[in-house]
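What follows is a set of structures to go through.
The two complexes that follow have subunit A in common; it is paired with subunit B in the first and with subunit C in the second.
Entry: the complex of A and B
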């Protein structure tokens, strides 16, 4: 009986969000594109017409046609299949970077904001130092020091991205910490970790989600840039950045590789950025009230 | 103001120290022995090996090497290149030294007013088709990586229309495409921010007052509102410049421009770490210097910054 009203309210709030989501053009277009990219990434092994890594020296630089819908590259590998599998590589790296940066950033940001003291000083000084580097150049430095490869890319990009999340989390915690319900929890003897997880986290989660969703597009872009420069994920793994580099080198004679791959990469990032913008409009109360 | 300047300049020291330490550590962590690589065919020649080790200072304890590294950098000496045997790093990079900053700064000089103009236009026509159109272009401009955009632009303007050269460096025509590629994301970013700031400013009381006393809309926008959107925009110049500097790595690689960015990438592949690290350090110093300049300008414009000194 007593639980009836809250659950009704919750359902109303949920449908309200869905309604506003559907009315938001950015969110709708963005989520449609993202959905396609995610599906492609998951289904790549089933829908790719060829093995993305199989070299066929009898079919190098085939133009787009019936055998190879988007043509082949300098080693006779099917461009379409490589684009489809490239989506998988991009999303796996973006997902891993997001998971690492959210975990590290939120935990350190909460520790800094809630406990203060030397922990805060140490964490925030580290954040300041990382911010003093141009993002991509720091990632290049790390990649150069650790050697190339998927794991290196994830480490390099995570290192660059967690400070933003940590700084945001800290500032959110600082403002929520002043609320009465936190005082009440402290007064009733709730352990600190429980206050952080049960009372603070739910109240700061939506701006963090917004920040993360806006970041996905940029993480994908940064990964592609490292691969483009040749210091990211290495051949023969198909990466959009690496494919565009190869394609640019033979743009005059065989433009299909660079153009189609650039299109796939550009559209994917546009999709993620539109979804991120849409979510920000929907979840950020400052924007919503306008 | 004086204490503010001193504080900010002193604040740079730990950042640079960390940057130097990081580059030094990165140098150490790198796999392989650079001297063995350098020796290649002469790997059995112990006398030569010892001589090279002394020349590169690699025969001393790590901690001595570290302080020596700091001391040398303070004196503008970045050590010797691994790729070009016994050639000082400074000689390797000296001819490329100015290209990346020139590219980045000229792009910024065009992107800033362009972005400001687009953002302001979108803001004053809010929710019209002009606004929607500009926003679409901005989303694309921010989202499409410069090397992906490069494939379209090079294909269209250099290969199909033959308007500009495909690559190279030295003439004005050769600079058009690379600078354009740097301008697009920067201008889009600036436009997006200036649209937001402009919309905020247009809702303030003093704009309402200006309208109430019958000022023309043009004067209100371009004289009153624009000034107050400029102030928050100024703080983002640092971020934008960071993006532009990173962009030079890509653009220089695409167009075979002999700047620091492409040199750094070549050095990474050649395992010429002293050169890579010197370039990273130079970029960081340049970046920190610009940020310092922005901070100081901001403090000059807005007294609350230099008096409060409390950063959010």
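Entry: the complex of A and C
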């Protein structure tokens, strides 16, 4: 029975979704950029011209040229290679944060929205408390408290991001819960968890997908900010935030480090945002037929 | 359809009322009282409701909006909202004492022993799941069948409810079907485990008249074939005349009259029933104005003392302000009116 639902869902979405996707400029450009970033991250070990962590004190602050396509940094490390590997770090963190926040946020949001009662009070008041803090400040506090490292960054960003997903999920469940087909399912003796998974989840999944794809841009940005501030992923692992910080110090004399890294960061964020916008247009039945 | 293969145990339509009363009824609602909690106080929405549905019998439950028809149905299904509580009486379906069951026990009864179809076929189906799967889901849940087997059964059921090309249609989504077809799917879902009791809450209200007739025919033929009992809720007396073996008339949270369908139309004992029948436009007599019942239905916050119909009743007498019970007039009939016997005698005298 577990194999049935996805194949049925796929058939529903598949019919004219691809056609409309191809006609949507945001979705097409966004997905192209995202695809490139993902490929770069996966293929970084094979396409990077140099070892991103190898220090070469004989070639510091080399300008872009034939040996080093995008130049080198203050320790003589190849900027291009570091940008490519930096994409890997960014995506791993963004993916992990997304996995954690979607799981926690969707599950808690559905429980709160469907069952209500004390569970809802507990979950939603927790959400409110977290929302009361400015997102980035809270992430910085948590990261600072837990010490540095990749796992810390994932924990800090997840803590900040799940409440948004939970709140969105709860509000979607609240409206779908009132639909007659939910009553009909209850009337035919379907247990609560199956109603949640089979009847509610497929009906609320598109806004969550949209939220998630836009969210990736924000998460990458936040991760870069933490690294920029020195409380994220640590040297020598290449991160875009850390590279921009290093590049900023010598922006006037050697702008290439900060410039190219910022371009990579900006382009990636724009890519995910465009994909998110496109998906919102494609998945929202109200905007769909325009 | 193979109506010829109907089990012989299924009673023929229009069963003799005495025979039906002799055997234990399948659904027995006895003195049901339901309270809703509001912010300030508790409101009795149903009080002392008595309904019996025999095996293979179709009982119509008629009443105006807000008279408590749907709350009665929800009580039987165990689907009352959290703010409502059953404070009196009992409900029995087959050998199951519904009013004494836990939530979990109720869930396993729903869909298997009792099923329900709703008013709105447009919104009662999940838009993202194929109709075949939604039927199969019930089969998998209650009979533990695998998906392949359940889908085959779903196609079979769709064929039984008169959906052409059922095997292919099973893969359609609800929006690809018309309203009538969707209601057929809802009936197929309800019939999936061959329940003993089917509660139909205004199943044809959202459909146009020709489709309505088809759906009613389908329900009667399914009853003849499988012998289940049907509690048919409607505000349409025409539908009742066509479908029901017996009728319960509901007013302000109480059953005011119960009688075989023929008697309800020819000799209504309760003044409310009589006025209700008079307000139906007739094709035979041309009238300028439709008859109406003076006044409005009382709200559950302010039900009148004694007979709840007395402020609007043309037959009102002194005793009508005193509390009265649901009284048996003859083996087949009951009414909640002090003057019912008198009225019946008068009707017999005039005819």
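Note that the second predicted complex is superposed on the first by the 274 of 290 C-alpha atoms of A that agree within 3 Å, B and C clash if a C-alpha of one lies under 4 Å from a C-alpha of the other, contacts with A are read in each partner's own complex, and residues count from 1 in each chain.
The rule we apply is simple: contacts are C-beta pairs under 8 Å (C-beta built on N, C-alpha and C of every residue); 3 or more make two chains touch, one makes a residue touch a chain.
As the structure is a computational prediction, the values presented were derived from the model and not from experiment.
Asks: Mind working out whether A:78 is in touch with subunit B, subunit C, both or neither, as first, second, both or neither?
Replies: A:78 sits against neither subunit B nor subunit C.
Asks: A:254 contacts which: subunit B (first), subunit C (second), both, neither?
Replies: neither
Asks: Looking at A:203, would you say it contacts subunit B, subunit C, both, or neither? Reply first, second, both or neither.
Replies: The answer is second: A:203 touches subunit C but not subunit B.
Asks: Pick one for A:191: touches subunit B only (first), subunit C only (second), both, or neither.
Replies: Touch status of A:191: second partner only.
Asks: Once the shared chain is lined up, is A:228 touching subunit B (first), subunit C (second), both, or neither of them?
Replies: The answer is first: A:228 touches subunit B but not subunit C.
Asks: Which holds for A:120: it touches subunit B only (first), subunit C only (second), both, or neither?
Replies: A:120 contacts neither subunit B nor subunit C.
Asks: With both structures fitted on chain A, tell me whether subunit B or subunit C touches more of subunit A's residues.
Replies: Larger number of subunit A residues touched: B.
Asks: Once the structures are superposed on A, label A:62 by its partner contacts, choosing first (subunit B), second (subunit C), both or neither.
Replies: Once the two structures are laid over each other on A, A:62 reaches no partner at all.
Asks: Would you tell me which residues of subunit B are touching subunit A in their complex?
Replies: For this pair, the touching residues of subunit B are 14-15, 18-19, 22-23, 25-27, 29-31, 139-140, 142-145, 147-152, 154-155, 159, 166, 241-243, 245-246, 249-250, 253-254, 264-265, 268-269, 273, 276-277, 280, 283-284, 287-288, 291, 312.
Asks: What residues of subunit A sit close enough to touch subunit C in their complex?
Replies: So the residues of subunit A in touch with subunit C come to 1, 3-5, 8-9, 11-12, 179-181, 183-191, 194, 198-199, 202-203.
Asks: Touching subunit B in the complex: which residues of subunit A?
Replies: Listed in rising order, the residues are 125, 128-129, 132-137, 140-142, 144-147, 171, 217, 221, 224-225, 228-231, 241, 244-245, 247-248, 251-252, 255, 258-259, 261-263, 265-266, 269-270, 272-274, 277.
Asks: Could you list, by residue number, the parts of subunit C that touch subunit A in their complex?
Replies: 77, 79, 107-112, 115-116, 118, 120, 123-130, 133, 137-138, 140-142, 146-147, 171, 173, 186, 189-190, 192
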